[in-house]
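Each chain carries a letter (A, B, C and D) given by its place in the written order, and its residues are counted from 1.
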Amino acid sequence: MKVYIAQVSALLLDERRRLAARLESEELISPAPGQYFLADDGAAICAQTIFCVRQEEASLLALPPLPVAWQPGSSLRLLGPLGNGVTLPRPLRRLALAVFEESPTNLLSLARQANQQGAEVALFAEPPLPALPAWLEASPLAALPEALTWADFLALDLPSSSLPHLRQHLGLPSHAACPCPAQALVRLPMPCGAVAECGACAVSMRRGWRLACKDGPVFDLNDLEW
Amino acid sequence: MKVYIAQVSALLLDERRRLAARLESEELISPAPGQYFLADDGAAICAQTIFCVRQEEASLLALPPLPVAWQPGSSLRLLGPLGNGVTLPRPLRRLALAVFEESPTNLLSLARQANQQGAEVALFAEPPLPALPAWLEASPLAALPEALTWADFLALDLPSSSLPHLRQHLGLPSHAACPCPAQALVRLPMPCGAVAECGACAVSMRRGWRLACKDGPVFDLNDLEW
Amino acid sequence: MAKFDLAFSPPLMNAAGTLGFVPERRGLAALERLGAFVTNPISRQARTPAAGQRYLEYAGGFMLHTGHPNPGFKTAVNRYARLWASLELPVIVHLLAQEPADLAWMVERLEGLEGLMGIEIGLPPEASAAQATELVDAAWSELPVIARLPLEGAAQLAWSVLQAGAAAISLSAPRGALPASSAGLLCGRLHGPGVYPLALRAVHSLAVQDIPVIGCGGIYSPEQAREMLLAGALAVQLDAVLWSGRDLQTFTV
Amino acid sequence: MAKFDLAFSPPLMNAAGTLGFVPERRGLAALERLGAFVTNPISRQARTPAAGQRYLEYAGGFMLHTGHPNPGFKTAVNRYARLWASLELPVIVHLLAQEPADLAWMVERLEGLEGLMGIEIGLPPEASAAQATELVDAAWSELPVIARLPLEGAAQLAWSVLQAGAAAISLSAPRGALPASSAGLLCGRLHGPGVYPLALRAVHSLAVQDIPVIGCGGIYSPEQAREMLLAGALAVQLDAVLWSGRDLQTFTV
């Protein structure tokens, strides 16, 4: 965890046509997909948690949702990377990715990593996504149950409010565990940004509860209460 | 009073380097200097009172202070023109203008009118203003007392909090009346925009009080308690 | 004269002080959406505007300290009673409750007027239960009385004013303080969208006790008005949104 | 052990719940500006986080409804007491006051600990004067007690808790309600800049009655903190600004 000074160099739209931002910093910043930053723009009223992925060049892409006030030229202090990102197993042959509502950019960054390792990658999304790289197969969420028979790892990106419906999407009976190793980036507000153990970002686990800001926001799926 | 639909076509800086906006509307709008509009941008929390002057072309210049959210392309409903503007006497030979802190654009618009009628115009400003049209003499406020011996009309634009110090600026003893006819645009918040007689914009008069939003915001100086 | 019932159709009003003593042209347009018109506060004697700063902005809205200027009861009735009678919707006259005798005197003179649906009395923000009781009692007449209480103190006084005969309570703006530009503090009423969660909670906690409450505070959208009705308000009042210039054609509850 | 005096140098603290049970690295950086560290609320029994939505935004800030999760008194003291003793500034332990007997039991166990300057007790928001008195009374010990009252009800309870032996009162966030995304209402504590005028007024109206009050609510700038001290607060607490990521190096009062 470190403080970086960064500048918004451009505003752009992500695959879901929501506002993202390109950030430039003097230093190279390499968060794992699923790690987050606290962005101080001088106007935050509580922790502004921002997911970022490194881009081809030495810049960062800050993913939606963004604070509305950001403009090209805005100067930020970025504190991070914080929390646990997704760890892809090695070797990895068949990666399944599934995104519910959120910006798919975190998972696309995982897809590229896996592709570079020579793995096959399939992405399941709701709502469906427009054009993707040619090597990346895209399917609706309804096709997800089949992927479980095939994948050796599943990465999910979803709002915490989708967890209660997840087994249905995976085609699993209630209480059944996920048949392959799986990690989930669980999205929910993290107003204190891990400074206070305020409890706002608590996530129910099979045993007790954990804080997304500190112990997550990426969790092993089978540890979660879902 | 009417409702106009207008678009912000550009943001620019006024003579004091504060943000102004060029507005375009299908219809020609011609407020008198000192009249105001209520601008509804869908985000106002109470009446947004905006002073506007007509520009050479068929567009309006909305003067500072402006709501921060306005961007080129923003669409507005403008209700107005409301209130009383400055009425220049005819014939007019020597016009003195004085602006305290506020944007000078309202008075510059009067200056142009007077210049077109062949009158001499002098502008007194605090803080001082940068470059003005060649035909317009600009002086610091300290030179204002002399102008009173010369002008046949004085127009003022000032925050209501400056009224108690005005006689000092004019070089007049306490209780003395202004020796020439004079009108003052009195600036203070007008949160109800003349819909409620809420009293927030009350101005003390020599006899009783009046509402700037309804009875002003331009008043004859010698009717004011100052 | 038959005693009107406190039923609003639609259950939507302006708050006292937001559309004047009688609505002018723009106010009239808003009235089409309302079930009643509430006048500006009127006191027995004329009141002048407060001296010094009267408007300050803050992060959730703005603060007003106006002194409730008004021409006094006699002048107001002379000027406006005929217009109240001619409005197409029922009128609620808001009286600033100061002395019980003054209040009784004003209420007596309102009883004969046409077009009135009721009286709303604005209680002093620091009123004790005993004072509130005495004032509501003094306002007793043929006309139903709505007692307007600052939302932060409403729970303490609600039962007292109902027992004293009020037909309902309504919520006025919470009080706040901000540094004045001339040093020192300015105290006043808080308005704007930041007030909404305070108002919604006040409505909810009164309504669950079966207290007839007219909600008010920070409503800027029809959804917010409907949420407050769902939380148990018998009607809601709009305040600063009526000043925002917003088009209210689609404001239905 | 000598009874500490309630003097803060500088008169600036974090509010309970804003920097954890012990400050972690970023919290430690903020501490350089503070005259005391206040712990997260601790209850006798462990508490779990509230179910459902716990965070909602509104125009003046945000609402929290967390359930005050904590590991319970015994675990907290085992985990943190040594760290409290080693901090370079005095510690105030915040206890959730529920049952007088539980509170007395916890306070008794805190008396022996090192580095504590006092105890802050969080009173239930709907506590009556009698309940508040009983709770403060139960917390009596060598350590001074600060009674934390929701700012909207502080005026009613202040004298009772002082008479029961509290050294000062502090102000907790006002309560609000907002529609939950799953329908129904969510009630919780309001934080953010929109709270400031409510807090400033509460401080002022208590301070003019000579009530020792620690101000809190909506402070985001050193100027706002200083205004609250000028209004009579004996110290002020920072809350959400400590979460905003803002650089506090220049935050001096």
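Quick note on the criterion: a residue touches a chain if its C-beta (ideal position, glycine included) is under 8 Å from a C-beta of that chain, and two chains touch if they have at least 3 such contacts.
Every value quoted in this text rests on a predicted model; they were computed, and no experiment measured them.
J.: By that same contact rule, can you tell me which chains touch subunit A and subunit B alike?
T.: Touches both subunit A and subunit B: nothing.
J.: Please report the smallest number of touch steps linking subunit A to subunit C.
T.: Minimum number of steps from subunit A to subunit C: 2.
J.: Farthest chain from subunit C, going by mean C-alpha coordinates, please.
T.: A
J.: Which whole number of Å gives the spacing of the CA centres of subunit B and subunit C?
T.: That gives a centre separation of 34 Å.
J.: With chain centres defined as C-alpha means, what is the inter-centre distance between subunit B and subunit D in Å?
T.: 49
J.: Can you list every residue of subunit B that touches 2 or more other chains, as numbers and ranges?
T.: none
J.: Residues of subunit C that touch two or more other chains: which are they?
T.: Where subunit C meets two or more other chains at a single residue, that happens at 61, 192-193.
J.: Which word fits the touch map of the chains here: line, ring, star, complete or other?
T.: Shape of the chain contacts: a line, open at both ends.
J.: By the touch definition up top, name every chain pair that qualifies.
T.: Every pair of chains in contact is listed here: A-D, B-C, C-D.
J.: Sort out for me which residues of subunit D touch subunit C in the complex.
T.: On the subunit D side, the touching residues are 58-61, 63, 152, 156, 174-179, 185, 187, 190, 192-198, 200-201, 204, 218, 227, 231.
J.: Can you list the subunit A residues touching subunit D in their complex?
T.: Touch residues, subunit A against subunit D: 1, 38-40, 42, 44-48, 77, 79, 161, 188-189, 191-202, 209.
J.: Looking at the complex, which residues from subunit C come into contact with subunit B?
T.: Within the complex, subunit C contacts subunit B at residues 17-21, 24-27, 40, 48-50, 54-55, 61-62, 64, 66-69, 181, 191-193, 220, 240, 242-247.
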